[in-house]
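Here subunit A shows up in two complexes: once beside subunit B, once beside subunit C.
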Partner chain A sequence: MASLDASLAKPIAKEAPRRRALGVSGVFLPRLLAGLAIVLVWEASVRAFLPAYVAKPSTVLLAIPKTVVDAAFLAATADTLGAVAQGLGIAVVIGTLVGLVIGRSPTADRMLRHYVNGFYAVPMIVILPLLSLWFGYTSATRLATIVYAAIFSIVVNVSDGARAVPREYMEVARSFRAQRLRGLFEIVLPAATPYFLAGIRLAAGRALIGAVVAEFFTAIGGLGYFILFMSRTFRHDEAFVGVALLAAFGVGVDVFVAWCTRRFLPWYRRDERSA
Partner chain B sequence: MTESLRRHAPLLLSLAAGTALWEIAGRRASAAFLVPLSETLVRLWEIAASGQLWEQFVSSAALFLTGFALALAIGMPLGMLLARMRVLRVALEPYIMILYATPMVALIPFILSLMGFGFAPKALVVFLFAVFPVLYNTIEGARSIKPELIEVARSFRSSEWKLWCDVMVPYTLPFAMTGVRQAIGRGLVGMVAAEFFLSATGLGQLIMTAGQNFDTGGVFAAILVIGLIGVGLMRVGLMLEQRFARWRD
Partner chain C sequence: MDAIASPSVPDVKGASGAGVRIRVRGLAKRYGALEVFRSIDLDVGDCEILSIVGPSGCGKTTLLRCIDGLIPVDEGEIWVNGTRVTQPIAGMAMVFQHFGLFPWKTVYGNVAYGLKMAGASKAEIAERVPHFIAMVGLKGFENAYPYQISGGMQQRCGLARALAVEPSVLLMDEPFAAVDAQTREILQFELLRIWEQRPTTMLFVTHSIEEAVLMGDRVIVLKGRPSSIAETIVVDLPRPRTRETLREPRFAALREHVWSTLLSEARRAEFEVGGGL
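Now for the complex of A and B:
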């Protein structure tokens, strides 16, 4: 017991002084300075070399209060984020089911894997012209693009997770005569949760790109179209507020998923960005 | 023989089923919606025979390779440099993470109005799509270098140059390869996005014009080509990753 304690204590003792050396100010100060430097270089270079309408920190900052109360901006934001949420929802439900089946059934795996990998590797944006032929220049095209963009990363990750479930778990379930379906939803799905979360993280990023691309392409409105329209009419500052919001959403999802993984699956460590 | 047949039977069956499904659905559906596989292949042959396909492929490949090579040339050394210079890394990490999570497509309208329609803005789009996965994963790899390795190298009075050649680069490469694989996928999206939304050239143009002419067969043919390129490049990325993954751990 003592030797175990000692071996546990060792890496911690080694880690501690390094952590302390950084400290809060050691992290915060360089970051603040770097942020200031980026803002200054950006501001100065736009002022020196580029026309006045180009977005720079000072004017973007001034544009924020005006833009965030702008009814058109709010409607566009709600429109895009609503579509992303809806598309992600569809992709999560279908993708998880398909992923579970592929992960647990070798036959389904051999039959479907190549299609999933194939569709996953197709750059999602190329199917836009096809989707707009099918659904017209409507919000259905955007929804379909979002679902297509998001679903395959969920299928791939959930099936990886379902495959990685320890054999013992399934054996125990079988010895207690659990039904196959219950085993799927009560053992495989929870065990695959870390993979599932990693898939959501990727899917959310791709869904956001899909939404913006579809709005550029079909001009149906939404945040992507807002950015396009504003930058075309030389109101780059307002457009940039839209970009910042998209970035915030992307970062927000990343942070939220990372937090969920740490909070609810503290035993789990894996390179979440691997796919 | 029978064993391998049994193993591959589901795959062959599913490929046959997929082909048949496409063919039958294509014949039953209106030609504006879905074109059967056979007609798609005929259309593909026409586009290829006219020399158009090759021309557009070369144009797209030049765009992709330029942006991608820039992303590698800047992302990998910068990532290792940031890993070596601790203060700089700590300072810049959050901003790199933000840019990694930002959907780069949203920047295309700005690039358009600042740089116009030429080759450079399009290569910039591919670069922006591809560089952050490389940068992010290289930093991630380089920061996980065991301090002992560097300490040992130092105690043997290794020069900074030698340290990079023998420790930093070999240790980081497998991680960077994960970034390279992601960058291939993202770079392809960037390539098509640039061809769609900046000036129509390359394979993107092939799809766009086919779509605008309601030439569904042409759309399918072009999607098939880009899809196959995507699958092929993904394979290459995976192979690279696995080739270097043996060093890891």
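Now for the complex of A and C:
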């Protein structure tokens, strides 16, 4: 039997307890206090200065029970989130492939870099009239807007990640005679996963904005249109329930990505010694 | 040189009995205007360990990477197992200075990597990986990630990954340079133990003279700018080599010999800053 390192005697540290050391009160309490403060300031200023029909937290809260069972609201929500999921899916697949190629091929980088950065900088709102000319006032326009809004953050992040893969990993892959394509998917992709997740985080937010903006423009229904319609008919409380849902989606994506990072990338940010 | 320099027909199985595993002829490498080394000739026999020492920046790691086929050479030829090396070939595996483990793979996944790339079946991997994990003393750590284990254990994992493809030629690139002194000593004797168990041809690059003498059947000293082989020292210490070997007078004499060769070179280099003629 082999003789072992002295350090072998030390058990592998389970890191979970340290992460939770702050505990519920340490994380949750400040969060709750900040939320309460925002709500109170909002409530007080509306009551003090504005007419009664302007939405305030108390009336929005009261509107939640009847809005969330409203068939129109549910259909609009399903419509929008479905489109966002679909568009995000397309953007993730295509964006990841394009990002990997740009990140690993200097030729592709030279060819595409400025275009990607250019399109990334163009606000989706100026593209929308063009898209609606091409696709009409249909859900295809919304889908195209979502893909456009989401794809470039993924391309930019994945290509950055693919470029940043340590040279040593690529040498190990070559030394063990990995084919180029396998190296791309088995070394570059996992090594770039943290960047990929950061890209998804940005892309999800932008996709949602894209969906809502498209719905504002084309009146094809969905949550954005619901919010617009409600506020134009002076049902601000209902409109704000829709807004709150959008905000919750943003938080949800963040929480989901953070959970994915912990669950699937236990090595991330703890690999300084092995890098 | 003599007839063996003939490039087209490498005399792989030497008439001497022991086959020549690695044959290097007239090797030169340049990075732009910087000439790293020139006219390197090497023959490494079957199951021989050849140590390569030299001062920092003498190009010993570059030489090893050339032999592995990772980087192209400017002049000369490399033959391994009768195959002209222009890119990494089967039957050869490298152990990297900074381990080169993939942080998203467990010990098991890292050790399996080379086998997977070589096209081994699932059953073959499941059979061989635990064997090599046990051989390097990592049993029980199969599911640990590299960040969870010490540097010494990480290099054990790197060694297991290389051994798992059952190479006939093992390239060691300063494998113990990145671990602390005690671990280094432990790993040196571990490697010797594993080698006794399963001898392979080994090229062992190090900047430690002691390590070079302890490991090698021969030690070559690289020197000069560009560097070339200054001296080849035959290490006539018996095997198996153990901690006892370190106390033998012959070991001390050999170490001194290599050291004086290196020292004269290091002195000369020191007063030659800016690259004299």
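Keep in mind that, in the parts below, the second predicted complex is superposed on the first by the 225 of 275 C-alpha atoms of A that agree within 3 Å, B and C clash if a C-alpha of one lies under 4 Å from a C-alpha of the other, contacts with A are read in each partner's own complex, and residues count from 1 in each chain.
By definition in this document, contacts are C-beta pairs under 8 Å (C-beta built on N, C-alpha and C of every residue); 3 or more make two chains touch, one makes a residue touch a chain.
Not measured: the values here are computed from a predicted model.
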item	value
Which of subunit B and subunit C A:266 touches, first, second, both or neither	second
Which superposed partner A:224 touches (first subunit B, second subunit C, both, neither)	first
Which superposed partner A:178 touches (first subunit B, second subunit C, both, neither)	second
Larger contact residue set on subunit A - subunit B or subunit C	B
Subunit A residues contacted in one complex by subunit B, in the other by subunit C	271, 273-274
Residue ranges of subunit C in contact with subunit A within the complex	65, 68, 70, 87-90, 93-94, 96, 98-104, 113-114, 117-118, 134-137, 141, 144-154, 165, 182-183, 186, 189-190, 193
Residues of subunit B touching subunit A in the complex	7-8, 10-11, 13-15, 18, 32-33, 87-88, 90-95, 97-99, 101-110, 112-114, 136-137, 140, 178, 182, 185, 188-189, 191-193, 196-197, 204, 207-208, 210-211, 214, 216, 219-220, 222-223, 226-227, 230-231, 233-234
Complex interface listing, subunit A residues touching subunit B	22, 26-27, 30-31, 33-35, 38, 50, 54-55, 107, 110-112, 114-115, 117-118, 120-130, 132-134, 205, 208-209, 212-213, 216-217, 224, 227-228, 231-232, 234, 236, 239-240, 242-243, 246-247, 250-251, 253-254, 271, 273-274
Contact set on subunit A toward subunit C in their complex	1-8, 12-13, 168-169, 171-178, 182, 187, 190-191, 193, 265-268, 270-275
